[in-house]
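Should a chain be cited, it is by its letter among A, B, C and D, assigned in written order, with residues numbered from 1 in that chain.
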Amino acid sequence: MSFSDYQYEIYLNGLAGQQPPYSTSFAELERVARERLEPGPYWYVAGSAGIGATQRANREAFDRRRIVPRMLRDVSVRDLGVELFGRRYPAPLLLAPIGVQSIVHPDGEMATARAAASLGVPMVLSTAASHTIEEVAEAGGPRWFQLYWPHDDEVTLSLLQRAAGSGYDTLVVTLDTWTLAWRPRDLDLAYLPFLRGTGLAIPFSDPVFRSRLERPVEEDLNGAIIQWAPMFNGRSHTWERLSLLRDNWDGPIVLKGVQHPDDALRAADAGMDGVVVSNHGGRQVDGATASLDALPAIAAAVGDRLTVLFDSGVRTGSDVVKALALGARAVLLGRPYVWGLAVGGEDGVRHVLRSLLAELDLTLGLAGHDGPAGLDPSALEAS
Amino acid sequence: MSFSDYQYEIYLNGLAGQQPPYSTSFAELERVARERLEPGPYWYVAGSAGIGATQRANREAFDRRRIVPRMLRDVSVRDLGVELFGRRYPAPLLLAPIGVQSIVHPDGEMATARAAASLGVPMVLSTAASHTIEEVAEAGGPRWFQLYWPHDDEVTLSLLQRAAGSGYDTLVVTLDTWTLAWRPRDLDLAYLPFLRGTGLAIPFSDPVFRSRLERPVEEDLNGAIIQWAPMFNGRSHTWERLSLLRDNWDGPIVLKGVQHPDDALRAADAGMDGVVVSNHGGRQVDGATASLDALPAIAAAVGDRLTVLFDSGVRTGSDVVKALALGARAVLLGRPYVWGLAVGGEDGVRHVLRSLLAELDLTLGLAGHDGPAGLDPSALEAS
Amino acid sequence: MSFSDYQYEIYLNGLAGQQPPYSTSFAELERVARERLEPGPYWYVAGSAGIGATQRANREAFDRRRIVPRMLRDVSVRDLGVELFGRRYPAPLLLAPIGVQSIVHPDGEMATARAAASLGVPMVLSTAASHTIEEVAEAGGPRWFQLYWPHDDEVTLSLLQRAAGSGYDTLVVTLDTWTLAWRPRDLDLAYLPFLRGTGLAIPFSDPVFRSRLERPVEEDLNGAIIQWAPMFNGRSHTWERLSLLRDNWDGPIVLKGVQHPDDALRAADAGMDGVVVSNHGGRQVDGATASLDALPAIAAAVGDRLTVLFDSGVRTGSDVVKALALGARAVLLGRPYVWGLAVGGEDGVRHVLRSLLAELDLTLGLAGHDGPAGLDPSALEAS
Amino acid sequence: MSFSDYQYEIYLNGLAGQQPPYSTSFAELERVARERLEPGPYWYVAGSAGIGATQRANREAFDRRRIVPRMLRDVSVRDLGVELFGRRYPAPLLLAPIGVQSIVHPDGEMATARAAASLGVPMVLSTAASHTIEEVAEAGGPRWFQLYWPHDDEVTLSLLQRAAGSGYDTLVVTLDTWTLAWRPRDLDLAYLPFLRGTGLAIPFSDPVFRSRLERPVEEDLNGAIIQWAPMFNGRSHTWERLSLLRDNWDGPIVLKGVQHPDDALRAADAGMDGVVVSNHGGRQVDGATASLDALPAIAAAVGDRLTVLFDSGVRTGSDVVKALALGARAVLLGRPYVWGLAVGGEDGVRHVLRSLLAELDLTLGLAGHDGPAGLDPSALEAS
């Protein structure tokens, strides 16, 4: 079975008079999700920092780059698999860490995790999930853990221990969101799920965090939120403090949100294993450089010292091809799978993943490549 | 008679109170076609791979390039004729191979062939046509045969033999569609005409293909489709295998879908006679380079070794001028003539061709050229 | 009195509760004209060749260039006057030759001529006018004559003689319209005013032209049109034949439609006095270079050998400043004054001219210049 | 307390079911203001010179530049304060001088001044204010005085004396508006507030100006306006005359409207202390260079000789970051606070300022900077 079989499946269902339950256009999927969701949840996901300049820049950067397909190559059989940190994955694709998924669907991260597991695609579980580290682990499948790094080292170590204990093998440390950005859509709706306790399943289930509280979460939600807020929001960490993580996590560590080659080099110096070139989908620094524009220089700077992953703006199979050609080893998909979740729960997420993987498989082949390994800048038009 | 006479004809009819039955704006023609067609057929023609980035890029590439008209030249008499592979054609224009034309008009390729024949413009008959090689040949007129290259050499040879026997003198081998791309519009509608048997007239009428079937097509359509699908879709050919075609086709062979100079050079090495620089109108690799952007380097690379044709995005007479100036010897027109077919059958196709040729004739003259031969990059603004 | 007094006049009328009868936004003026006119006349003026690419390019070229205003200069008193061919004009502005003006207002060119005369702005009378050379001369004011150059030398000489005799002192020879371009809007409406006899006042009143007819125009309109069409449309002239004009016109001759430096140089060699860098407002070669983009190289090439005028896309006072800074000595205004004519006859044209001149006066001063003479490329942002 | 606390405040109000009374999107704020205002006042503020090319260019110039955020820096504690001319201000932000504010809200400049004072942000009071120098001073808070420089030296000196006497410590001399530009929206509505006496509180309260009148303002408004108009509009000053201001103002003098490095150098030579790189928000020279595009060369040219401020197009916190990175020491905010005033008076202005400062604080921190001092071109993507 190959990823592109999903194409046949859809057309064959068409023979039986059946159209796909969800659109294969992610823009259309978002439209439907928007109709079904309240403005708060919709905009929490769809929105961006400021006036959305970086969110648009992310897409324009993809649009500016162009693939040059090659013909008559032996690419009938393709293997999309990649090795990341010594482990083989079926495709150069991960699910980006997105929190509070229960605001768009009651099953939240559980549905996402099950969809990802059914395809063998690794999910990066957010610290801001609606379900606990342990619950999500039950879905099986490859799993990474994303850390919003608390300003309480014992809580940090407890989270790492729980993640490792539940089989999350890679740690993704988000650097770009130590404080929440200015997001006019959320502000106008005064909608911040965390202040209602949503997205706090992980700290609230944490024994060390709970030991910080005067009264149990269940009895005093506001007190717990008041404890949580300054621990997770408003203060930055520094390079020196990465040793805490390095010393307490055996698996690979990836820094997410890197946009400058010097920061990537510093990550290597600090013993990190990888970076995610990302601007958080335009949700943090409005006016920031497009993530794809930042990628080539970072990839060139770090060479083999780090595994470079990419995130921010991926919407199509050709986007994946472009990011890989510019130096990413794999990409993280964000908002589109949340629209899948919103319209179809686990099924909807699977549909989005299968669609993207099918498109990637076909695009890769039609461009003359039998897998990610063959991609380098020569796959694109010289810019 | 010159091609631009169509202009007078229209204005003179206006004197008699008669407006042209079809718009001379192809965008308007498409709008009318869209109103008349079901979404399936409309989008099958209008749609593109992925999010349409390459379809848009094709147009932007034309828009970026600009003609510099020259004055007071002796261009009152113009000859648009070109020689391609030793044969003279009235204009540097061919009808691109487009399959399943019966989905937009009951007369399908027959109407197109008759319109083309009436003007002496060569039609490139698609392997995926709704009518057989032999039927379409009856329309007379210059004809080329486009090959979707099956993975059954005996079927391949049978198709070549039939085409040659019916007077198709040039073989166009499409390289970029050995597997169908991810096309969200078609997928959302689950509309693939082939699975209903449309567009299979040529294989279904082929004795070798029929010999592969357990039961006749007429008795077991699904069985025939199941035989057809893997033979024509899902596997790539390779450069080495071009010898099969070269050894079994006496006339010129043109490879369609070339986008890289190295592939064009390899085509020359393989004894091919020409290439069509094309991205299949944005229908295959979304995010691929604009076809016009790929043209100059390919033309420069092959020099006189190959005849370079062009396809993808041609909508106006000035587009033709630009493509010729950048190195194409002739261009293939695609979707616009299908809109003509949809709204007016044979008459509609002829209207589209006459409109484009009139505009080309006038534009060429007004830019200071008396025919295609005078065009080179100096006809355009330096970029 | 200075041109910018029109600003005070409008605001002072506002005090008395009176808004200007016509908009000072030419886009708005066009909108109103469109409401009032039949589609035929509206589109004949508003439309362009092909898909309008060059019409858009003309505007984009202005938009790309930017003025750098200079401060604290002594520019309270400004003189917009320019000398062209030894004659002083009040501003670097002429009315572009536009034919068949009676299709938008019954007074046609008479209204335009009177408005121009009232401001001392030269009008370039079109060979395709709705009124005769002699009638329009009665409006007084500086006047130039535009020649659509017939393929009948005796008619040509008769037209020159009439123009000179009626006080038209400069001859503008349009090179870019020896045959009418492909204009989809007009074609779809099958609207060509000439075929109904409109815009033929000048040839029809010409004794030599009349001598070519078997029966008088008044008795056989169609016969006259049939005589007229091939004389004025469909055949190009050549450089060599310019001597006919040079030998038979004592005043300055300006070639209109030049877009390439080599053509401008050849004009100088042929004894011409000036060129109008123009693409006929995007009405002839669709896909042609923006007129403003062609200007700097032409101005640089000809230096002092020719007077360079500019036309195509001028809509604002800042456009005039930009064209002058890039080498034009004066500009021709086109469509906007026709919208003025459509909505207000002579008054409407005067409003448009006064508006543009007021804006030019203010813009020039605010940019730090006391007249056209101070403008060179340093007035603009380096590109 | 830090500026970003406004973010928490809004979200916490959300917990109590309360959305912010005004949108945090300034585009939305403008939409609401437009609904509430008559066209005259709305367009007087929103409109621009000519066709708005420069107003759009201002925004595009911001959009083209991109911040490169840096990670893991110690930026938890940020100080947005800047020193300008020896005085410390809480943020690199001032309120641009905008006149006739009473046309959008009855409290006019008083509301603005109070809002600014409550935050310690300096307001630059316009000569064209609806309230007097002395009245506005009562709001307290840091205040600068903007001079529309009259052509009557005694009036000028009286204005300077009054401003100094009322505690305005910096003089901002607007150079770019010695005559009003061509503004089609205002012209079409024939709306100029000054001709109705609005925005003339400062001259009308001036003893020297009053001494010029035959009859008191209160008895003969038109007579006063007629006296005012030529004194303030229609004539330019020159570099030489700056000595009058320099000799009669003890505090710093800043020239506003500078767009060329040579003009900035000349300002330094004339003993000025600073410049505001500005195109008056696109209200004066349509087609002028984007203010942000003019900034880097001016900053480079003057080095430490002048304090460079920036104005025109600032809408977001990231805009402020970009302007500072390109050489501005502080920026002036214009239209957005007027929309705040229109929809909420003093409260509305405060909301706009707090929103912008919160966004600036967050953006600065998330980009890796702990204050304005750290910003230089390396904070942006190399262009």
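Keep this in mind: contacts are C-beta pairs under 8 Å (C-beta built on N, C-alpha and C of every residue); 3 or more make two chains touch, one makes a residue touch a chain.
The model shown is predicted, which means the values in this text are computed figures rather than measured ones.
Participant: Specify, for the interface formed by the sequence copies chain B and chain C, whether it is same or different in terms of residue numbers shared by both sides, with half as the dividing line.
Facilitator: Counting which numbers both chains contribute, under half are shared, so the two copies meet through different residues.
Participant: If chain C and chain D share one sequence, what is the angle of the rotation that overlays their CA atoms, in steps of 5 degrees?
Facilitator: 90
Participant: State, to the nearest whole Å, the distance from the C-alpha centre of chain A to the C-alpha centre of chain D.
Facilitator: 42
Participant: Distance from the CA centroid of chain A to that of chain C, rounded to the nearest Å?
Facilitator: 59
Participant: Would you mind listing the residues of chain C that make contact with two or more other chains?
Facilitator: Nothing qualifies.
Participant: In their shared complex, at which residues does chain C touch chain B?
Facilitator: Residues 49-51, 53-54, 57, 175-176, 178-182, 184-192, 195-196, 234-239, 241-242, 255, 257-260, 262-263, 266, 279, 284-290, 293-294 of chain C touch chain B in their complex.
Participant: Which stretch or stretches of chain D touch chain A in the complex?
Facilitator: These residues of chain D touch chain A: 4, 7, 10-15, 18-20, 23-25, 27-28, 62-63, 65-76, 315-319, 321-322, 355, 358-359, 362-363, 365-367, 381.
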